[in-house]
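Next come two complexes, and both contain chain A; in the first it sits with chain B, in the second with chain C.
What follows is the complex of A and B.
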């Protein structure tokens, strides 16, 4: 049991350090690589909470698909580095102070209201999750498939915007001639 | 055993780091990555509460959050590419024409 605690604190240190890396690194590629470490750390936290199917989904969907998409766009766009000095403004300092005070106010509340005794174990394996997903949550599942199709078509339409606008320009030009 | 409050505190710290990133950073792609951090923080607390109540519904919610995150990644990155194509930059401060 002490091993589990040590593992948890090591993992949370890793997650928080790499999440700070995402925010702090001026170069977008380094931020993305830190994001991969964070996502895999979150997958390990899921494993500690017995959510085995979600570990696989987290690694495949997040660390596999989404981060690769982000890296692809970062490398496609040839971005400039941000200077850390430019980031400090009145608005950002106010936001950081507000959030930190909220964080400090939240800690005692959580420790008081969630004691450790009521912890139960459920195993989130693929069979139980699948039964729930195709039984109780079937309607939500169908809505999710609609959402994915809408996002797919929307992404294609947005990414092709330049092509259609140049075509319209050409048509408008030929119309005036 | 690790208490449930430890998972919730980890989740809240991660969410705050993501929110601070959204407030502070100007590069739209990094803002997008910070939103992913916030979604992951919420996922941790969903799974922790699912363990607390001995119920798998929270893990199904995480599943749907991942679906929404994937859809958001596709559309958001397409919008960022369109922004870059129009203005040769992805700094959020350069797109302030609609600001009141």
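What follows is the complex of A and C.
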């Protein structure tokens, strides 16, 4: 039990440190790698709760598919090192205030539930998860997938529209010349 | 005692990985020579003679191994790689350059931890399951580790600080992402048929009929996808030596270079194991009922299992040395226009059939 708690704290430290690294590193590749470490760390926390299906899904979907695409784009664009912007600006102060208020709002809840028996077992098997997704939360699940499809189509439409409009402009420019 | 059993399991599985990957290395060297009508590695160790009578039988076997090329490919090449200069190109991060080979090898080795290599048995009162970690989503775990192994390759391409290696890394990432879709759909089809994610239960449910009888199309798709995921055979565009020098590991030397090769051969073995478990019924033989429960039956089951695995390894290597390389657009259209729609169609058909039969 003590071993598990030590492992939990080590993992949480790793997750938080790498999540900070995502923001702090000036090199895009390094922050992408930090993002991978964060996601796999969350998967490891799922593994400590015996939710094997969630672990596999987390690694496949986030670490295996989404971040690979991010890394792909970062490598293709060959980004230069970003200069660290001023630490004290309107945006950063606003972000800090929002984040602390959010943390303060969640803090009592976390303290209340943290060392309890409820978290010993989560419904993380394929069957439990399937029953929840296609039974109790069917409506929310369908709405979420609908939103994602809308976002996907919107992204495609935006990219296409941008391309054609820039092409038209170029053609118009060459025509006038 | 539990800890000791776990330690022994880890030791044995690690030796299985090493044995399979070195066997693949040897077949790659000597088998390719056989296919191309060359002689191949046959020098190191083949001139070992002695006058001492006691040592003569040992030297006899050394000579045979030398002529077969085992010493050259396994001993001499490994020592050579250990002693070579470890070169890191300028203008790149040293840490990333060292990290990439490990990220290419580690997920593949981790995936072996959920594989059951033999049936259960009891030894000296202990009930032993020859599987390091009993994960109830074993198929998905292997798939997850396969998808994570993209990072090693992509990172190696980036850390080389070289146009050829970057192109190789990008090609590898694109190829692995595209073929993962068809692979995932095929795995879902097989999961639907067996009704479980546990690798051990999948093997046990194939006692009478192997999966290949029900799903021959899925077997073909998974075999093609496996060849593409291991970046070999007709799909070796990421390391196409006539275009990209050596692809993503152009700037690697010594032990790091060897690590990439070890990861690749371990991946071949992993795919052979996955095919064996999903389609060839693991340690079950057709028409023959093997006894259960004792260590001897477990050993026999393990040998049957390994025989099938070695068969698939050899088949992959033979295909790699037989077929010419695809063009990149052919590779992409095969993945996206043929395999993906086909496996989707197969999945829907299988699901409808299972629903119609009423489980």
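By definition in this document, the second predicted complex is superposed on the first by the 124 of 177 C-alpha atoms of A that agree within 3 Å, B and C clash if a C-alpha of one lies under 4 Å from a C-alpha of the other, contacts with A are read in each partner's own complex, and residues count from 1 in each chain.
Heads up, the rule we're going with is that a contact is a pair of C-beta atoms (placed from the backbone, for glycine too) under 8 Å apart; a residue touches a chain by one contact, two chains touch by 3 or more.
For clarity, every value in this text was computed on a predicted model and none was experimentally measured.
Looking at the shared chain after the overlay, A:128 reaches chain B, while chain C stays out of its contact range. Considering which of chain B and chain C touches more of chain A, the answer is B.
In the superposed model, A:76 makes contact with both chain B and chain C.
Looking at the shared chain after the overlay, A:137 reaches chain B, while chain C stays out of its contact range. When the two complexes are overlaid on their common chain A, residue A:36 makes contact with chain C while staying clear of chain B.
Using the contact criterion defined above for the overlaid structures, shared-chain residue A:44 touches neither chain B nor chain C, since it reaches no partner. Shared-chain residue A:23: touches chain B; no touch with chain C.
After overlaying the two complexes on the shared chain, residue contacts for A:53 are found with chain B and with chain C alike. In the three-chain superposition model, chain A touches both chain B and chain C at residues 53, 57, 65, 69, 76.
Residues of chain C touching chain A in their complex: 93, 96, 135-137, 140-141, 143-148, 150-151, 154-155, 157-158, 166, 169-170, 173-174, 176-177, 180, 184, 197. Here chain B touches chain A in the complex through residues 1-10, 12-14, 16-21, 23-27, 29-30, 32-34, 36-37, 40, 43-44, 47-48, 50-57, 59-60, 62-64, 66-75, 77-82, 84-85, 90, going by the rule given at the top. Touching chain C in their complex are the following residues of chain A: 27, 29-30, 33, 36, 40, 52-53, 55-57, 59-60, 63-65, 68-69, 71-72, 75-76, 125-126. Only residues 1, 4-5, 8, 12, 15-16, 19-20, 22-23, 28, 31-32, 35, 38-39, 42, 45-46, 48-51, 53-54, 57-58, 61-62, 65-66, 69-70, 73-74, 76-77, 79, 82, 86-87, 91-92, 95-96, 99-100, 102-103, 106-107, 110-111, 114-116, 118-122, 124, 128-129, 132-133, 136-137, 140, 144, 147-148, 150-152, 154-156, 158-159, 161-162 of chain A touch chain B when the two sit together in their complex.
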